[in-house]
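The two complexes that follow have subunit A in common; it is paired with subunit B in the first and with subunit C in the second.
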Partner chain A sequence: MSDAVTTPAQDSEESTNWRSIPQIAVVFGLVLCMYGLVQDKQQFAFSYLTAFMFFLSLGLGSLFMVLIHHLFDAGWSAPIRRYLEHFSCLLFPWLGVAFIPIGFMAPDYIYPWMQVADPHEDHALYVKKALFNKPTWYAASTLLFLFWGWLTHRLRYWSLQQDKSGTAEFEGKLMFPEHLIASFYKNFQGLPFEKDNQQVLCTRMMRIHAAYGVVLFAFTLTLGAILWMKSIQHQFFSTMYGVYYFAGSVWLTISTAWITARVLKAKGLLPQVHNLQFYHLGTMLLAFTVFYAYIHFSQYFLIWNAAVPEETFWYVLREQGTWAYVSWALIIGHFLIPFLTLLRIDVKLTNKVMVPVFIWVILMHYMDMYFNMMPEIHPDGPSPAVADLGALLLIGGTLIWVFMRSLFSHPICPLRDPRMGEAIEHH
Partner chain B sequence: MSKSFAIMAEYETPAEIMDAAKKVHAAGYEKWDVHSPFPIHGMDDAMGLDNAKVGYFTFFGGLIGFTTGMTMQYFMNKFDYAIVVGGKPLFSGFFAFPVSYELTILLGAFGSLIGMFVLNRLPRHHHPLLANERFADVTDDKFYVVIECDDDHYDEQTTRNLLEGTNAVHIEMVEGTE
Partner chain C sequence: MSEPAAHSQVETSTPKELVREPLVLNNRPLGWITNQVAGIVEGDMPKWWNIAFGVSFLLMLMSFGYIGYLITTGVGVWGLNHPVAWGWAIVNFVFWIGIGHAGTLISAILFLLRQKWRTSVNRTAEAMTIFAVICAGIFPGIHVGRIWLAWWLFPLPNANAIWPQFRSPLLWDVFAVSTYFTVSLLFWYMGLIPDLATIRDRLRKNAGQCKTGLDKMINKLKQFLYGLFSMGWIGSNRHWRNYEKAYLLLAGLSTPLVLSVHSIVSFDFAVSQLPGWHTTIFPPYFVAGAVFSGFGMVLTLMIPMRTIFNLEEIITVRHLELMCKVIMATGTIVGYAYGMEFFIAWYGGNPYELYAFKNRAFGPYWWSYWIMISCNVISPQLFWFKWCRTSPWFIFVVSIFVNIGMWFERFVIVVTSLHRDYLPASWGYYSPTQVDILTFVGTFGLFMVLFLLFIRYLPSITIFEVKAVTPQADPHSVEGGADRVKGGDH
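Here is the complex of A and B:
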């Protein structure tokens, strides 16, 4: 099995061209960003934040997919897990690095509450001052990336070590807090914790990280969505906001995972994926289409029903001018079209339908992010800017570049995962 | 003496019956079925069965549910008992949505259930196979292919030959009921 996996066609001219696309994107993105920065700093700041939150979705969504894979002891997702681990590892340091410009632009161009000198003057800010003050905001942002870095890299570390289990290359070293967790499971829970069986040790460590990780994942994702997105309009209240960002993130990730699997399979790099994986990803996409709609409707419905000015202003702004069309486009494009398309069972294995759907999903998620950020600086309606494209190319290009480098420097799918047999079995 | 209902072949393993199902399907039979103690993955493909039609019943059940919910609330709130609540319009898709959504699910589920009954021609209290003593083993460890005598391709000798060409351990005719 391993022979077929670890030999990507590195030297052929075609694949070299294919791999230089991200570099070109970064160069173009950088030029466009510079232009955008000179033209209008605030526009650039918002464009950059939109692109950042868009790609953060992918990192967090992939982390979630890896976590639930371990939590449910899933078999089918074993072959697609490795590249999801690479996607999630983009969270640290790369998305963390991408966040630095936001840190610099935040006070002057993005978050109006940072300019309020005295929180007593703004009641909405005063009640939220525990979270919405500069030191907390910067410290919390840093901690989020550090935590995501820890979780994603430990998950990938054990996953990569598992590939080497049973060979001389295996290291499998526990890092500091992992000792405590491991001894807790062994001594207090009485669970067998076979140190001698390297393959089992790796699976156990990944499961342990997934178990506490998923709880902290929920908190950190919510905090991230509140700190970086919701606080653009700090007066707004919504308990749904974190879940809302989460639903969209996983939705985007499923599409990206599907497309990545399709590309890798077409290139002959990941022969282990077959209809089982494509079907399940299609099913999950349908589930998250409904879930997102449910969450966004709930948020809207409660705000509409209660009609409290502190909440309604957020949607009132988004129903003015041409934003109203964007709102409608979200209802129809983010929910109705994918929902009705994905209903039929056979559609999920039809490439002609699924490829456009997945590309559509990516566009819709960007529109959703745009809908969340831009009304603050363009109350009359969406106004596309050069910086939008520039930021997307810059961040996206860098991340894909890093992703491809990690992808090709490790086995493309887990080699010694105990669940692999189940995943590649054909009926 | 009533006319025979079907010809029945018994198999001992899922692999054998899978193979037999492929042959029967290839021979072009339509009124036939496979009976097993548990679901066999890939049997639908081997038998050449299309996706079940129940989905259409579910979809239209759901559609009827949604429309019912919306029109019902429209009529009630706007005409039958118009009363302003909380400064909201007399009718709005927003407040009407949760109820419509529930009705979509309810009638969608009814649609599935009714669709399943209709497509399976249920309820039905008796079937010739149930009178066959050997067939009772289908609930235990035996697998059966049953080809009905009404099938256009059915011929007493050729069908029997076809089944004998598989790994059947036993072949017999099933008596019909009048």
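Here is the complex of A and C:
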């Protein structure tokens, strides 16, 4: 395998310019964050958390896309799998590292329940003190990142090993407890475990990780959304909340996946993607536009209709002052505009539409995160701060930097995916 | 890197271990598929069909008899009491509506998702949907008590200026279910047209084989009826173009309906403030549960059907395995929802909410709760094992568990939430009466009567769609395309 394959763009003069953009963003972000921190620590903490949850969406959404690729045994998504694996691997260690400042700021600036000295004083806190106490919160947060790290990195490991399968470079080894899982599949599933057929072994391992992974993914995503986002107002409860964060996360990810494929194809780095991939991603974006609206409408409608004060306070706060405009903007901007825009078949293949849609999706998802977080410190309405932009640039720039490093260190398209034929030949 | 160079680095072959299994086994010619499916309609029904039809018909009559008794006597013949004023009628309604979800999911959503395996099962699943919705429709009609005023459910102008309560989800149900039924029926019927024309043409071809005058007359009558319902279909290019476009449009229209119907059914409960009912996850949870129960019933019907009519090569083990995976996925989603309800009941700190859930699991109806959990959450997990999801008799057993579990889910939601009111003085225990039980049992008779008539008179597998997913239908097929079916009946 030649170096030209493993690092296809390293020698490209042209690409070096746009690859330095994230580094510049990090520097600017750092400066703005420092300024924001000095100005108002609590504002900075919330801005940072908002940006963090925004980018966590991309990591978790990408992990979901990788998982369902394997679970559905999909063919069309084979060429876009690799960069989604890289996106998902941002969860650990990078988003884990990005979480550290939140861990430091959590007790003093973010979560009011951490400041309650005696939980007996607060019924909503007292009933869930088994979960809502500092040691459990920190331990659970750590475990979430460790699990995501395990899952994403093992999926990418086997994916990268598959590229080398059948060559002397192949070094795929089962890591504990993969031995146990593999032996379960061999003994109880009757699946042949073709250790000598390296390509098949890699696919089997990825499918195994996807199978148990998707179940644990659902629980860990829900826990993350509850611990880090919903617990800002710990009195609020909604069984839909995890699904709500999930829907928005996948929406952002699909849009990002479309634009990434387009950029990589335009640069000649991923010629394997064709209209098939762009069309399916566009269709999925439309589906998740509706799914998010369905989920958020259901949550809002049921709370509004039942009018139980313990629940309505959360939305009442978000209907006061200028937050009411944000609420309307979510209905129109998060649903109506993208829905009507994406209805036509041809727009899903059109840059002129999909690039603005991507920018719009970023704005809307960020606004959704903002809508969840900020009313706690700005009850009268949104109050944009320098730290908002700073945190976005700092975390975003770092993640894009890491992503690009990963992307160009390995083949951009999986080389020996068993379904690649379906993805390439049927366009 | 130039495009051809990049392509050359990427391997496009599939190792033999991972090649997708064919959707029609043994590389059968296209004519064989037609013969196999149309043969069921054209031939005489076996003795078991007559027996099954007779038993089902009697069960159906029994149900109608009990409904008559209910109408003439009043809802006092049911086991309703205070505080459980909503009993089996609503449970049965939701149960049957849920079953009616798999058909449109398979035909519409899997069509949009380009899942080719749907072709062998969509026709039967759609038929099942329509029959299940018919069974479901009975219960809201009779549970109003004074059935002669059931037309009040519709916003019809009347002398008393009485209008339905538009803010009630029960009224939304009327619109949601009737729309769903109409669109599902249209979708099903439209898909039948090319196959009805095939039967019509085969009848015409076989007319010469009729020996007696009666046979000839029956053949003529059948030709007329199949001809009438195939609406002059001749399979022209124009017909197919219109058909494909209309089918896609109907699939697009049906997809939101799959979600909306059971979401609105969930609103029947969730818009209230009652502990155990008011929870925001209800809409997607009900939809997942409906798909789960629908697939359970599809498997319950299809496993015997494929064996009896020798359709194992068209409804293959791969089809069953894929449906098992859907059951496993939706069962796990339902399990997530059960867990989330319990968790948030604890998390929210509302003592009534927490009591409602503890009472479900450990109160007087604990048995129904654990039947629900065992059947809906635990039994689908067996499908993690390949043997379990590839052994038809085992799948059949689990599918029965799924049917039972999903009925109990609705029972648990309705009855356990109602039987403990806020005041202990208003606590009660609900038990069904003979009328409750036998009316419900009888609806299985109605369902089976309709289903047996369906397999008797209509092609139960979409002949033309199954042909389209065979390798021979691919113009690039190495099998030689049309050569293989030369002389075949297609």
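Of note:
In this text, the second predicted complex is superposed on the first by the 414 of 427 C-alpha atoms of A that agree within 3 Å, B and C clash if a C-alpha of one lies under 4 Å from a C-alpha of the other, contacts with A are read in each partner's own complex, and residues count from 1 in each chain.
What we mean here is this: contacts are C-beta pairs under 8 Å (C-beta built on N, C-alpha and C of every residue); 3 or more make two chains touch, one makes a residue touch a chain.
No experiment lies behind these values; they were computed from the predicted model shown.
In the superposed model, C is the one of subunit B and subunit C that contacts more residues of subunit A. By the touch criterion defined above, A:Asp108 lies against neither subunit B nor subunit C after alignment on the C-alpha atoms of chain A.
Once the two complexes are overlaid on the shared chain, A:Glu319 sits clear of subunit B and of subunit C alike.
After overlaying the two complexes on the shared chain, residue contacts for A:Asn305 are found with subunit B and with subunit C alike. In the superposed model, A:Asp346 makes contact with subunit B only, not with subunit C. When the two complexes are overlaid on their common chain A, residue A:Asp380 makes contact with neither subunit B nor subunit C.
Residues 301, 305, 307 of subunit A lie in contact with subunit B in one complex and with subunit C in the other.
Every residue of subunit A that touches subunit C in the complex is listed here, in rising order: 1, 4-5, 8, 73, 123-124, 126-128, 131, 188-192, 194, 197, 199-200, 203, 211, 215, 218-219, 222, 226, 237-240, 242-243, 268-272, 290, 294-295, 298-299, 301-303, 305-308, 310, 411, 413-416, 418-421, 424-425.
Residues 41-42, 51, 55, 59, 86-88, 94-95, 97-98 of subunit B are the ones touching subunit A in the complex. If you check the complex, the residues on subunit A that touch subunit B are 297, 300-301, 304-305, 307, 343-346, 427. Those residues of subunit C lying in contact with subunit A across their complex are 1-3, 6-7, 9-15, 17-18, 20, 256, 259, 263, 267, 270-273, 278-284, 332, 336-337, 340-341, 343-344, 346-350, 384-387.
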